[in-house]
Amino acid sequence: MLRLENVVKSFGGVVATNDVSLNFPTGSLSAVIGPNGAGKTTLFNLITGHLVPDSGKILLQEEDIAGKAPVDIVRKGVGRAFQIASIFPSMTVEQSLMCAVASHFRTSEAMLSVFPPPDVRQRTEELIELLGMGAVARLLSANISHGDQKLLDIGLALALEPKVLMLDEPTAGMGPEERWQMIGTVRRLWEQGDMTLIFIEHDMDIVFEVAQEITVLSYGAVLAKGTADEIRNHPEVVEAYLGTDTHAEASQ
Amino acid sequence: MSLFIEFRRDLLIALVGLVVLIAIGLGIDHAWPRDFLTSIFAAALLAMSLNMLIGYTGLVSFGHAAFFALGGYIFGLLLQSPAFTGALGAGSVPVALVAAVIGTGVYSVVIGAICVRLTEIYFAFLTLAFQMFLYSVILSWVDLTGGDQGLMGGIPRPVFLGIDLADQYHRYVFCAVLFVACVMIMRIMTESPFGYTLRMIRDNATRAAFLGVNVTRVKLICFVVSSSIASVGGVILTLFTSGAYPEWAFWAQSGEAIFMIMLGGLNVFLGPVLGAVVLRILNDVVQMYTSHTEIVIGVVIMFVVLGLRRGILDFVKDWWVEKQQARLAAENRNGQE
Amino acid sequence: MFDFDALAACMSTSACLVNQATSGLIIGMLLFLVASGVTLIFGVLHVINFAHGSFYMVGAYFAYTAYVVTGNYFLAALVGAVGAGICGILFERLIISRVYGQNLLMQLLVCYAFILIVDDLVKIIWGAEYLAMGIPAEFRLPPFRIAGGYVPPFYLFLVAVAVCIGVGSVLLVTKTRFGKIVRAAALNAPMVSALGIRVNIYFALLFGYGCALAGVAGALAAPVRSLTPGMGLGILVESFIVTVIGGMGSIPGAFLAAIILGLTRSIGSVGFPLFVDGAMFMIMALVLIFRPTGLMGQGEPR
Amino acid sequence: MKKTSPRSRPGMDRRTVLKGAAAVAAVGTAVTGFPAYLKAAGKPIKIGMPTILSGRVAILGESSVASAKNEIRKINEAGGIEGRMLELVTRDSRAKPDEAARMTRDLVNNEGCDIIIDAEASGASFAVNEVVRDMKQFCIHTNSETSSLTADPKNQVEWVFRSCRQGIHDAVGGGLVAAKVAKAKGLKRWATVSPDYAYGRANTAEFMEYVKLFAPETEVITETWPKLFQPDYTENVTALLNAQPDAVYSCLWGGDLVAFFDQASLYGLFDQFTAFAVNLGDYPVLTAIKSRPAGVYSGSRYHKDVPNTPENEAWYDNFMANSNVLPTNWAWQNAAAINFVAEALKKTGGDTDTMKMAEATSGLTINSPFGVDGTLTIREEDHTLVNYMVGYSKTIVDEPYVVDFDRTAWSEIYTHEAEWKKRNGYM
């Protein structure tokens, strides 16, 4: 589905992404981990068009999308949620999702009909059901809990029915119990939808529990790639992580 | 046709509103309500169309009055041209109206295409620069525009379809219809999917882009539509004063429109209309008692901005929304228990 | 529209060159003083003082009254600067500080209200008549002749003062403890106040200093420009053009832009007299289109 | 009515409601001004005056109001018109034409004004002209000098008049004086510095046209056009310096003229050329300019010595005693307008009917301190004022600031005005 070939990106003299080649097969559920500053978010930004790689290819279903505008990449089926929930504070949860769905249905520039069109409303109801946000649907996005805001952010991306869904730390800023609840929801969404899911996560326990395949980044380069067991026993990973106290810090 | 069914409630309200306006204008045997309301129509269209940019899209334009003035000038200049009225006869007024709207629209495409790529303060300054540019063109191009004296000698208004705009009753009804029609167009736009896309851009333009919205294009469309509607406001004022004047393109006109929005409320559809009404009344009442109008209006603005911190209708809306949200939140809690 | 012959003729005589070059500088320097206040306040406090022209007006009127009373121009200029500065501090404390961090609309509206109030107050206090201070006795001298051109001594003084103040402002912000505190506070106010520094006072002082710059400009203009209520408006629009061209927040940028505008005016009055204003707005539009942060502005391009 | 609902909120009883209703009604009447309108029927004759009372030209509006009030006071003290008092109602248009139009309508509709004195500057006066045409309301323009306001048939209205200077009259007068000076001093190369808007351009073109007509050997070698309200004239001053003309003409006015003179003096401009400034003669300008140069030719505005009669002197003293502003060109024009209104009202017997007033005013001649031979006339053919003082004085440094008034004969003005009208297709 999504394949990176020798992607390089540097800022000034600092190499943020160093010759990264990765493959995310169709329907896979992968995690990207690594210490702070390892280049995880940069990698996401490169894939979603927020940044343009200096060299290398980013192939979505064998089509190179490197350097395309975010709008075009979204249209080709790469959805994204953000580390800090990126939502529409003055709209209700329902309205936000309807807007996203309308955009997906290419009706966001329609002027001669009332909002929301019936098909948008129907699809939004399904989404709310899927996300389990029925209780908060009519609350303003600014007024719901942090966890719900993160979930809404994911929901916005889901509204586009992406082929590839990229979640930047879906559990950031949550308590332990909430984290497990959230990752459970993510996993359920992946199971119910037909998509390739990639997420960034700090909490090792979550990653090892959920991800089919794990990519470890360090200093912008791929340190290791494999299943939970393989990564757990990878000497360099152990050193990279246990050598620092990032793990402990992140899981607090 | 489905449009009319979907918006039947708003259309009905608009129709009732129009009937009330016409009843006030024709029913009261005094010219004052007609004059007052006509000037409100013009000011409110300027303010409401500007609010499509400010309130709905989050684009603070300092140069919106340029389009208002341009509409008035195109309309007036065409009707003052004997060649134009001679060729079109009874069709002159409607054609001039359409030409004013389209002409302003085309001009705003050019200005908008340059401006909408910038954000916040830079957008504001660039729109201001273009407005002042138009203002200095109007002042300097005396042969065409009459310079500071504006379009002199009255605007001829050939009778069309039995409508004689030289007659104050006909003119009032015509302006009322134009006003209500424009308000309805804005209502439909802001309640359509497009209108909600504007809200997305206002709240979080980056996120909107990541949801596949072509932010620049949507902003530009909104810019052009709102400019075109502002031009209708200019046409109404041109009919009202039987002339067009460079002051309409001066930055203070935009400033006043911004204040009307702020005063009435920028998050409520009819907020700018209330703002226009309140400001006009305030201005007129103060004029009756003192010549120091500026200081009084200045103090009132200070009070609204620093005291209320939002417009009148925004205040009401926020109160209502808060209440509703609290109720919903309480229901959720109860539901979970 | 363009009169290249006249321009060429002017460029070929030293008298004309001297006249136009110096007049560009003279026009530019007062603009620079006002614009540097705008840009300084924006650069640190991230608020746009749309009412800056009012402080220029207030400075001019204070200086006028002080001159009438004392007959000492230098004292009058000082009174203009300090008076505008104090008004600025009051304005900051009572009004502007309440809209820090609020949207542009709020800032615009309080300034608009302030302009209205001050204009009317000036009319009540000093009357609607145009006032003029007249050239102080010290400067009532025939113009210097430089290479055939004319340079009035008062304008030499004016340019010198403006340049000194400009350099002083840069040093104040970059080199002094005051400047460092203010810049730090602008980036992270809670952190600085945690160090026991009263951030509010520093912000007010900086705002007052910016307004004092406008006050100095008003005092310097008072001998040669007529004083009327509402006189701040013209200079406000032009100083915003300077600020935007130079880059919001950059004092050297404001200096460069002020000279560019001054020269545009002075050369334009020979070469394209009907398009001088148009040219200014065009320069501003071009800068905003191709370099939105201005010639010397920092910050992310947007 | 005693059945108050038990669930009604405390404080929302009938009294509160009534209080609220009273407040709403009070605001409503204040807003609509209906009582004022009803009250007006009968007692005083109301004169409405839209003018400019804020911003940079407020001084002119204030002197207009002061002057009109002073004349009305004199008339009322003398018993009014047929026992009815005159009353002045003013409105500030802030120099905005659409405001002027609205205020004029408001003065008639709500204040019940019977007569409109339009004391607006040119742009807004054209707007008022359209309003009074539309409302069929008797009106006298008092401040717009733009010739076309009354000369152009498309602007003429049967019931609208003008009681003020006209650009073309001043141009002929100025041209004659300037040509005389040009011939005597050999001034061939002229430059102009005038504000860049319709008045500035038209006035300057007309003036130079007549200078050339009367002194054909003159030529304009450079023109510089500062913007209206431009604060700095350095570039214009140096442009004049570079051109080295023999003479300079300017129709800058008000504060702009003050600033221009002070800035030009720095460069010693008035030592190098002969200067003509049509709007220099106003008292607030003359008193504001600190470095008043001697020998500048100044157009006639209002001056206590022009005409040099006891009546004019008395008017000046009376004005100064009753006003806190200086008299301006606008002041005498508004005084004259009030006098015309009073005279017309006497003729109609106090009837303010538009057509009766129009008939009474057309061709009316009144005794006035401002006229040649002590009379002023509103000409029947184009409803505009004639026989006022036209000509040029020369400045001196001290009071009375201007001397040697050179008056242009109206016979000459009439001849050239008629030709000018023909050329413009107005006749």
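Here the chain labels run A, B, C and D in written order, and each chain numbers its own residues starting at 1.
By our rule, a residue touches a chain if its C-beta (ideal position, glycine included) is under 8 Å from a C-beta of that chain, and two chains touch if they have at least 3 such contacts.
Note that the structure is predicted; figures quoted are calculated from it, not measured.
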{"item": "Which of B-C and C-D has more C-beta pairs touching across its chains", "value": "C-D"}
{"item": "Nearest-to-centre chain - CA centroid comparison", "value": "B"}
{"item": "From subunit A, the most remote chain by mean C-alpha position", "value": "D"}
{"item": "For subunit A paired with subunit C, centre-to-centre distance based on mean C-alpha positions, whole Å", "value": "50"}
{"item": "Between subunit D and subunit A, distance of the C-alpha-averaged centres to the nearest whole Å", "value": "72"}
{"item": "Centroid distance [mean C-alpha coordinates] between subunit C and subunit B, Å", "value": "34"}
{"item": "Chain centre separation in whole Å, for subunit D relative to subunit C (CA means)", "value": "34"}
{"item": "Residue numbers of subunit D (touch at least two other chains)", "value": "54, 196, 227"}
{"item": "Subunit B residues counted as touching two or more neighbouring chains", "value": "136, 140, 294"}
{"item": "Touching two or more other chains - residue numbers and ranges from subunit A", "value": "none"}
{"item": "Sites on subunit D touched by subunit C in the complex", "value": "54-56, 58-59, 62, 196, 222-225, 227, 229-232, 234-239, 241-242, 254-256, 258-259, 262-263, 265-268, 284-285, 288-291, 325-326"}
{"item": "Residues of subunit A touching subunit B in the complex", "value": "48, 70-71, 74-75, 80, 82, 86-91, 95, 98-100, 102-104, 107-117, 120, 135-136, 138-140, 143, 156-157, 159-160"}
{"item": "Parts of subunit C lying in touch with subunit D, wherever the complex brings them together", "value": "6, 10, 13, 15-16, 19-20, 22-24, 26-27, 30, 119-120, 123, 127-135, 140, 142-143, 150, 152, 154-155, 221, 223-231, 233-235, 265-266, 268-270, 273-274, 276-277"}
{"item": "Contact footprint of subunit C on subunit B as seen in their complex", "value": "54, 60, 62, 114, 118-122, 124-126, 128-130, 132-133, 136-137, 140, 251, 255, 258-259, 262, 266, 292, 294-295, 297-302, 304-306, 309"}
{"item": "Contacting residues of subunit D [partner subunit B, same complex]", "value": "30-34, 37, 53-54, 90-92, 94-98, 101-103, 105-106, 108-110, 122-124, 126-127, 130-131, 133-135, 146, 148, 152, 154-155, 196-199, 201-202, 227-228"}
